[in-house]
Every structure is written in C-alpha cells, then in structure tokens.
Amino acid sequence: MRHLLSTRDLSRDEAIQILDVAEDMADVANREVKKLPTLRGKTVINLFFEDSTRTRTSFELAAKRLSADLVNFSAKGSSVSKGESLKDTAQTLAAVGADAVVIRHASSGAPQTLATSGWIDAAVLNAGDGTHEHPTQALLDAFTMRRRLHGAASRGKSLDGLTVTIVGDILHSRVARSNVWLLDTLGATVRLVAPATLLPADISTWPVTAGFDLDDAVDADPDVVMMLRIQAERMHAAFFPNAREYSRQWGLGDERLARLRPDTMVMHPGPMNRGLEISANAADSSRSTVLEQVANGVSVRMAVLYLLLSGSAEL
Amino acid sequence: MTYLITGATLPDGTTTDLLVDNGVIAETGSSLSQSGATVIDAAGLTALPGLVDLHTHLREPGFEQSETVLTGSRAAAIGGFTSVFAMANTSPVSDTAGVVEQVASLGVRAGYVTVRPIGAVTMGLKGEQLSEIGAMAQSRAQVRVFSDDGSCVHDSLLMRRALEYVKTFDGVIAQHAQDPRLTLGAQMNEGALSGELGLAGWPAVAEESIIARDVLLAQHVGARLHVCHVSTAGSVDVIRWAKARGIAVTAEVTPHHLLLTEDLVRTYDSRYKVNPPLRRTEDVMALREGLADGTIDIIATDHAPHPVEAKECAWDEAANGMVGLESALSVVHASVVASGQLDWSDVARVLSSKPAEIGRLSGYDAAFVVGSPANFTLYDASASRVFGTEHLHGKGVNSPYLERTLPGRVMATIHNGYATVLDGELLDAPTVAESARVHRG
Amino acid sequence: MTARTVLQPADITRALTRISHEILESNRGGENLIILGIPTRGVALAHRIGAILESIEPGSGRVGELDVTMYRDDLAGQPTRAPARTHIPAGGIDGTTVVLVDDVLYSGRTIRAALDALGDHGRPRAVRLAVLVDRGHRELPIRADFVGKNLPTSADERIRVRLTEIDGIEEVTIES
C-alpha cells in the first residue's frame, strides 16, 4: 500500500490483512509495554484542516505506539488563503522530511490531490475528506463488527452474510461512503435508510438497497444498525423540517431499540447527538459498540501506519 | 500586403487559389499568379472562414494576471479565430461605455483578432439594475451582445425587461442559465458520480428550468435570446421545443462539452472543473446531435484562463474554467467532424458565420467571395499532435487536453488581409500590430 | 541449482530429542521453563520440543509463540511483512527461563529482534536459544545454547528447512 485514500480501492485480501494486523496491534494494548519500536525514525504528520480531537488523538496514539515521531500540524485558521495553503503546506512538510501525512480536509478529494500532485513524496492517509471518505473509520467499524462476531478467532475472517443498516445523513456522510464500499468488499449486505433529501441523487451504482422507512429496516432484523450523526445546520437548508420530526422518523429511540435482537450491534461513529439520532438507552445499551469503536480505532490506525510505512516503496 | 494562397480546399470541398490584397479576397480560381505576393502553399489544407468566438474571457481590465486582450488575442489567432466576443466579467465590469471602448481599443491595437466586447446586462453583474445598455450599444465598441456570464440573470422580471430593452438596439441577451439556489456550492454534475465522490451536485434541472423560463419570456416579449454553454440533454430538448414554436432562441455549446465527460472528475484534477460542469456521456451525445440538427446554433469556447494557483488546490477551492481558444478547432474536429456529424461547411457555419450573425458582426456572411474581407484560417486536418503547454499562447495553462492526442493544426490565419499565423507559428506582436495599423490606414 | 539433503526425518527427531534433554539438564529440571517459537518454523519446532519435554517431565512443556516482525531492523529494505501471532503462556515470562526456538541461526538479527520483543513482554530470569541448524556467518555477538546440527555453509548457499506440519514433508537441504 502506498496511500490510503479510499476504501473503494481496497481489495478483499488487503482489507482482511489490515484487520488482521490490527488484531496484532490490539494485543499490544494489553501488554505491559504498550509500544513497538517498528516505526522508529519515521515522521508522521497529523495535518488537520478541520478540527477533530477524536480522530487526531487516535492517530497520535497509533503513531506513538509504533515509536514514530508525530507532529500535529493544525492548518486551520492559517492566514494563508485556503487554496495556496494545501500546496504550500505540503511542500513545507516535504522539506522537513515527513514519511506519512495524515490529512483531514473539508474538501472532498484533497488527500488524493495531495497524493498525486507531486508536491510531496510521503504516504498520504485520508483521515476524512469533505463528504467523500473516511477509510480508517470504516476499517475500525468492520474490525469492531468482526470482533463482536468472532472474538479471538477473528483473524482471516470476512463479514460474509452480515446485514448492516446505515441510517441518517448519507448524502453528507464520508463515514457512510467508506462503509458502503468496505462492507461490500468484505461480503456484508448494506441497506441505507434516510429521508429522500439526505440520500445522494443517484445511488443506482452503489452496492446497497435503500429505503426511507426505519421501522421496515428494524423489522428486517439487521445484524448491525449504524446511526450517523445528523448536523443541525441541515434543517436550515430544508433537508428536513426540524429535529423533532427527524428524531421521530429516523432516530433510534427506545421503542425501536426494544424491537432489535439482543445481539444486534448498535454503532455510531461519534460524536453522538443523544436524543436526536440515538436515544441515551440505545447509546449505552450492551448492543452499543461505541466505546469499542474508539478503542479499536487506535489498533486499526496502527495497522494502517505499519502497512504504509514499513517495507520498501512499491515500484 | 498581398498573399497568394494556392490549392486550398474550401469548406464545400472545392479547391481554389485565393488572392488576398488590400484586406479583401481579390480573386479566386485556379492557377492564379501575382508578382510580389507572398505565396502560401495550401495544398492539402482546409480553408475555413475566420473563426468567431462568441464567448471568450479576455480578463482585461482587472485580471491581467490571468489574461490580457493581447495574450487572449494571440491564443485566438493560433486557434484560427479572427474575431472574439469578450465577456463582461472584468474589473471594473464591462457595464459602461468607457470600459467596453477600452477593451475594444486594446483589441484594435493588438491586431490579432477583432475584439467585440460584450456588455453586462446588470450593473456590476449583480442582477439588480440594468446597466447602460444603450450607451454601450451606441459607443465605438458597438456592443450588441449583453451577458452577465458567470452569473445568471435569475430575477424573472429583470430578465423580461432586459430582453425587451435590448430590442431597441438590435441586441441579444446571452444568458448563463443556472438557477443559483439549485446550485449552491455545486462542484460537479449531479448524479451517481457526484454522490460517490462526495462533491455537491450541479443538477441538470438548474440549467433546464432557466432555459425553459427564458424561452417563454423571449416568446412573450418577442425578443431574441441566446443561451450560453448548453450542457445537458434536457436543455437540448427544451431548445428544440422552443425553436419548433418559432421562438427566436439561439444556443451555443462549448468544445469541451462535446468531448469530455464527468468521469474525468474522478481524478479530482481541477483542470476538469468548469461551469457548467462536464456532464454524462448521454449529454455529450445529445449535444452533438443537437448541434448536427441545428438545435444548437454555434460552438463557442468559454475560454477561461486562470493563474496556476487558482487551480493548484483542492477541487472545491479551485476556480471554474478551462482555456479553449487554442484547442477549439481540434476538439471540434475530434468530437463532431470525426464522428461524421458535421462536415467542414457545418464547421464554417457553427464557428464563423452563425456566431457573427448572432453577434451582429459584419463581414462574415460571404466567406471566400471576391470582395469580402479576408478573414480565414488554413487548417491541416491530417496532422495530429500530443497537445501540450507549448501549444498554448495565452497566459492560462488550465487546459483539460494537455497530454491528449488531438487531430489537426492551424497552419495560417489571415485577419483583415494580413497574417497573424504563418507556417503554424504565431507572428510576433510588433509585426501584427504594425500590419493592423497599416490596415487601418 | 542443486539440492543436497543434510538432515533426514529421523535426524531431525534425534536432534530435537537431544536438545530437549539438554534444555532440562541446563535448567536443572522443567520448572519455570517456557519454550517460545519464532514464526514460522520455529513455532512448529517449539511445539515438538514442548511435547518431548512433557513426555520426559510432565508440566515442563509450556510453549508459546513470539513474533518478531515489528522488531526487525530490516523492515525498510523489503516488501511489507505481515506480522504473525504472539502468544505468551498464561502467567507470563517474568522470572522464567525462556528458550527461544528457531529453525536456522544465520546473521543473528532475528534473535536480536526476539530479545527486544521479549523485553516488552516482561523480564525472564534467563534467555536461551535453541536452533535446528547453525549455519554460521553471524553478524552480531549471538550464539546458540542448543544446536541440532552445525552446518558450515558459504553465503550464497541456501538452507531450507521443511517440516511436516507446514510443508508436508520433512527434511533439511542445502541448495547452491
């Protein structure tokens, strides 16, 4: 792997390899010394053009557990005009010898632009770009599902036969996109549920079924229900009337929660709007994987950093 | 200045010699000779009437880092153009007689092409108040085309008034058809690919609904309407319907919308970012058909140069636009001539006589007829080249065709009887400026 | 390329049996003993040694696996390696005698990585090294405590260890 820009580019074998390596990385977290010398001497830059304490911290821990030198480069609020700063920043990072750049950017495609521009030679790791993709989030979600299903025997396993329902603002969700491609690659069946305004205009080419009715989806007995964060500003752009109506139609409330199987996983990429897209009971129930997702994030990001930064560059 | 062009093939397929003297076609026929004439061997070359671009951004005044009247004129000449209409989104905006006269005089001084300024429909392109359309029409710049290009005249009442008002001056409103609310933050064609790439969609209906409204308004007030850069199959249908009803609408399509599709956006390479955006293959095919059956009247480049830094950034931060003057004829060749949908006489119509007629530009209605102004270009249709920045002669290098193989090459361009391009190379600026001065007398 | 068999199945079994006895002898019995195989073939050998120890002295054959991939010093020069599993027997390695097991001892770099990896899992009382074949050419001050067979080789020769559990056949060959 040279870069990780999108889950769409991952083959099934590559995806399973990342999850398997993440299993090894997860073991490290249980040891007395939670650190590996593997990436000693490598420099990883966290280049965040958008705030995200969670994702940034997760990558920071991952890099440090692999003994890489990590520098946080907060590009937000820089006085340079936006357009110039991506190129200028990239060239600056190249000059200081970055081996990998973890980039979070409000513009879809910015990581790909960085990877293909020739401005910098480093491995580029997409930590969320606009409304495009967030590949490590999807990988950690898949890792979490696999662990719940197979426990210690997870290595080598796919998600064949798993049914996953993703609910909410699909249109603006990079998490949803990365999950759709990865889950399909790993053999899961994906169903999307959202108001028609929050589904992309044409998803005929996506490997999913889509519908508007969450109750139908709950009654279809999914193995996983993944709730997406709904952003308040969407209602001002007429995507839906108000929070109350959204919550009633597309929120995972207590009544819908009760209709799910006891072992149905309830996932959320965080941060949650409790009481809006997910009730407190749903978020805190034993079905919820929210905290596992956070812990697994570090293992998955260690795996990706390892696979990107060890080994000679592919020709 | 006298030129003898030997063995040129005219758009209708006949072969002739052309004697150019004193700015006009002096004689046609075979085995012409003239002592003292510069002889241009045009055997195997296609002679086309001087190309006319109804939609060029020359950027001057105000954005000289992107293009100037001189550099844009050079780009036009090497593309086979002898006349360009310069869009009004300059700074200050071309909404007064002073600005349009300045642009026109810069064009005259440069001499490579005839520069006809387009006037803004509304003051400052703000869509609020009509600009001084009459003053611009009656100025030395003789403005006949009015456009807020870059912005849509979306207020229905204002559009109605503009259509009515320009009738006074035999003008035309060239509408940039884009519903601004339906395209808030839009980055690319709305469809399956925009959903996948996570880029905000620019839906076809945002163009089609404005065109539908405008043709009905034009019918209601009995005015001429010109639709800029039509980009969707639905727009072609609406215009076809309007023409069938006898509405005085004309429409243009850009070379890039005839060749390129939205799939290129997958690269997130901002050279492919343009407004209206690249569309689906179905749209490209419908545009070609519409051009072939006359629904779409003309091809115009929407040449939109930008400085490098406006494109070297993330997709949604990048500027819209592509340079197109230098590549236009080759791209038309590759898209609709190679497919057999247009022959060279069609090309002469859609790239010369018809745009001149829409823009009320004289001298382009009888190409190659003895006594008519000598504006033409000699095109080597058998050539092929890998298009590169060395083929660009304006300031912008934001061409979507770099590293692509394109057919054909302009070998010579004659503007008002003097050469601007010879042997496939641009003549230098002082030489052309001097020729232009001599021509003015 | 020619291949010459240097150890037959019976030779391998005999060597492992002898190594097992030597381990017990040097450890003065089977207490506090952990056998850690280094993937891939070291793990199979460790399990065989564990079984022999168990047959001699029940309770002495505690076996684990120690992956050293993440501790190697040559990661950058080669294609990306997939790490293997690490499994430390319950109770951990603190205060024990760990016997590392690998198939071939060559430069010593794998063992250097193994010592680093071991350090991150705890603090053994002593660490010993058992190998099936020692082919020389050491690049680090490392030596084996228990050796199945010393095979002087030239650097361009290749030692191949094949074991039934992994390869389906059982032999050690020299290819040149």
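General observations
The letters A, B and C name the chains in turn, as written, and every chain counts its residues from 1.
By our rule, a residue touches a chain if its C-beta (ideal position, glycine included) is under 8 Å from a C-beta of that chain, and two chains touch if they have at least 3 such contacts.
What you see is a predicted model; the values in this text were computed from it and never measured.
The chains in contact with subunit A and with subunit B alike: there are none.
At the centre of the protein atoms shown, by the Cα-centroid criterion, sits A. Chain centres here are Cα averages; for subunit A and subunit B they lie 46 Å apart.
Subunit C has its Cα centroid 40 Å from the Cα centroid of subunit A.
Taking the mean of the C-alpha atoms as each chain's centre, subunit B and subunit C sit 76 Å apart.
By the touch rule above, subunit B contacts subunit A in their complex via residues 187, 190-192, 194-201, 203, 267-270, 309-310, 312-318. For subunit A in complex with subunit B, the touching residues are 8, 82-84, 86-87, 105-110, 112-113, 116-117, 129-133, 171, 174, 177, 200-206.
Interface residues of subunit A facing subunit C in the complex, by the touch rule stated above, are 1, 17, 20-21, 24, 27, 31-33, 35-38, 66, 155, 306-307, 310-312, 314. Listed in rising order, the residues of subunit C touching subunit A in the complex are 67, 70-71, 75-86, 116, 119-122.
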